[in-house]
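Just below is one structure, and these are the notes that go with it.
Labels for the chains are A, B, C, D, E and F, by order of writing; each one numbers its residues from 1.
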Amino acid sequence: MDDRFARGSELLDQIHAGGGAKLVASLSDVAPDLGRYIVEFGFGDVYQRPGLSLRDRQLATVAALAALGTAQAQLAAHIEGALAVGLTREEVVEVIIQMALYGGFPAAMNAVDAARAAFAAADATASAAS
Amino acid sequence: MDDRFARGSELLDQIHAGGGAKLVASLSDVAPDLGRYIVEFGFGDVYQRPGLSLRDRQLATVAALAALGTAQAQLAAHIEGALAVGLTREEVVEVIIQMALYGGFPAAMNAVDAARAAFAAADATASAAS
Amino acid sequence: MDDRFARGSELLDQIHAGGGAKLVASLSDVAPDLGRYIVEFGFGDVYQRPGLSLRDRQLATVAALAALGTAQAQLAAHIEGALAVGLTREEVVEVIIQMALYGGFPAAMNAVDAARAAFAAADATASAAS
Amino acid sequence: MDDRFARGSELLDQIHAGGGAKLVASLSDVAPDLGRYIVEFGFGDVYQRPGLSLRDRQLATVAALAALGTAQAQLAAHIEGALAVGLTREEVVEVIIQMALYGGFPAAMNAVDAARAAFAAADATASAAS
Amino acid sequence: MDDRFARGSELLDQIHAGGGAKLVASLSDVAPDLGRYIVEFGFGDVYQRPGLSLRDRQLATVAALAALGTAQAQLAAHIEGALAVGLTREEVVEVIIQMALYGGFPAAMNAVDAARAAFAAADATASAAS
Amino acid sequence: MDDRFARGSELLDQIHAGGGAKLVASLSDVAPDLGRYIVEFGFGDVYQRPGLSLRDRQLATVAALAALGTAQAQLAAHIEGALAVGLTREEVVEVIIQMALYGGFPAAMNAVDAARAAFAAADATASAAS
């Protein structure tokens, strides 16, 4: 296991508790190297870069996935991650509303569904921890 | 001229010096009401909302337009606006690099072209002002 | 409640019976203002405009959502609305078939699924009313 | 030359004066069969279908291409065709403004550029004919 | 039944056992002519062309649908078809991993889900046949 | 310079003569690390993988970029690369024609423009070499 994978896993687990192992596992039957690249390149290279805070990086990702409208599950996961690194629910909702301007209203409506699921998951995690 | 248009124009001019008037003028021959809606709804309603800073809003817009890859001119304009409300050039570049993960590498490469144009325009403005 | 919201609600209810209240309610837990904007801006401003009939507006929306392929639920809802303002089922199907030329065949196939759901919902409504 | 090509050419020339021959010519060096398929399948099969008027078909196409935002030249060509089969300039502009709701504002702004080019081309044609 | 439909059906059944009849049936309630066009134009004209092998055609389709991210069911069907005309599972997975570069990582992750479903369906078919 | 970059550069230069250095140079003023990632991750990791030939990888990329319709310059560059690793012009054209089925006809028409430019560039290179 090289450095990039190790530091990517660590960061991924900071954003999503246990997320690194789970992501790699979810792809391991069909495309294990895709999971490895997400960890190594996505979180070991790109998300590690010093010029932008982790909170800002999640904000950017939520904006992009909401506007694109083709990655509902990943959007929900990144909203959970966004909350974990310091974005408030209000900020997430504001980003989604703003995306109506750039991706259209249906994209924003679908992103609200992803936010609802992510907020419920965050509630369940918080409740399990208390 | 109603309140929403007035406050939208003011905000648009804060982001892009003189931008509100220019935008409305650019659409006035064919679709003047589209320009009015951008000012009223986009900048008079959405960008005015208190839950997210203007700097974060521009970051979200740059991320979305870079990932979508269908609005090169608007991306360049929003990068100029992003610099005007406090994002650094380094932060803009980081957002663009990160979008390779969500919109693909060609989208990120094209966004670099938009950034280059926006940085040059910002240099020209700064140089004219000095 | 301002004028734009009131006239938007009225129009939305004309297109979808009870649709205005339902749409606002569906977004009210997470992003109530998104629902408000759809009513105020979408149906209070844009759909109100005199230069294009409501029937033509729904035709345009069905075409766009079918070609985009990212808003299956909204496409079904707009097909129901299209029938309510005077498009025939045959015309809806023709628009969808034509979209194979511009959004590709898979987009058209998925739009057929949305049409099937919308036609069934319209049948159920008609049957409940008789 | 089979029937489908012949009737497709005729229809294409009705929408765009001389358009059939020009389209086929423009693709003839690299992909002549693509031009043939557009004529045969697009205009010989799909646009020929009885269930939707030619005017409505052009309206649907303008809506879709404006929302997609990836076919600026084809959008301009279809706007010219839309005028030729009976849509007014006002109706075209209304469709474009409405697409801000489904494809986002930058898509609508770029469609305004296509409309401006198409309106100018229609003016030039009218002026040459008078 | 004309020649194009007959030869399209035959090819479609070679790629997907019984697929031609099933596809036409699945669209026959709402848009039967869309099914006919897919057979006639898609498989009777385009896929018949001599300049590219059937295996390469399926590879191209898998790549495109994975990158687009808007046609999950059709992607799974074409992956099954790809295996039927000679692509290996490893080659399919390689195409999907590569699409992370052009459509982004979420698109590739969703394509892995389609591949998993297609591989399971191919296993079920093989097991039923033995 | 690590191994991944070195082997990525070498492969990139095999596909596009001198392409690695040119690509890195073209991004070096604004986003040098984006160029580095394309070489390291794109060509040092992904394109190196043994399960799919280089010729098939270029075929997949041409298909994806043609269908997406947002990366005209990169499509032209990859068509040149496709010819360099063994795809024929006829095969490239076949892929493009087929993409009309999945990305729509305007996407295919625009891809023809990219192919024309790439074929001319390949002719110029061949003529300079003779």
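Operating definition for what follows: a contact is a pair of C-beta atoms (placed from the backbone, for glycine too) under 8 Å apart; a residue touches a chain by one contact, two chains touch by 3 or more.
Note that the structure is a prediction, hence the values are computed from the model and not measured.
The set of chains in contact with subunit C as well as subunit F comprises A, B, D, E. The greatest centre-to-centre gap from subunit D, using C-alpha centroids, is found for A. Interface comparison, B-C versus B-E: the pair with the greater number of contacting C-beta pairs is B-E. Both subunit A and subunit C derive from one sequence, and where they touch, under half of the residue numbers involved are common to the two copies. A repeat of the C-F interface exists among C-D, A-D or B-D; more than half of the contact pairs are identical by residue number at A-D. Mean C-alpha positions place subunit B and subunit F at a centre distance of 31 Å.
Centre-to-centre spacing of subunit E and subunit F amounts to 24 Å, using the average Cα coordinate of each chain. Centres computed as Cα averages put subunit D at a distance of 30 Å from subunit E.
For subunit C, residues touching at least two other chains, in rising order: 33, 37, 41-42, 46, 49, 65, 67-68, 70-71, 93, 97, 100-107.
Taken as a graph of touching chains, this assembly is fully connected, with contact between every pair of chains.
Within the complex, the subunit A residues that touch subunit D are 67, 100-107. Of all residues in subunit C, only 27, 29-31, 33-34, 37-38, 42, 65, 68, 70-71, 73-74 touch subunit A in the complex they form.
Those residues of subunit B that touch subunit F in the complex are listed here as 68-70, 93, 96-97, 100, 104-110, 112, 115-116, 119.
Those residues of subunit F lying in contact with subunit A across their complex are 33, 37, 41, 45-46, 49. Across the interface of their complex, subunit E is touched by residues 41-42, 46-47, 49, 51-52, 56-57, 59-68, 71, 88, 90-91, 93-95, 97-103 of subunit F.
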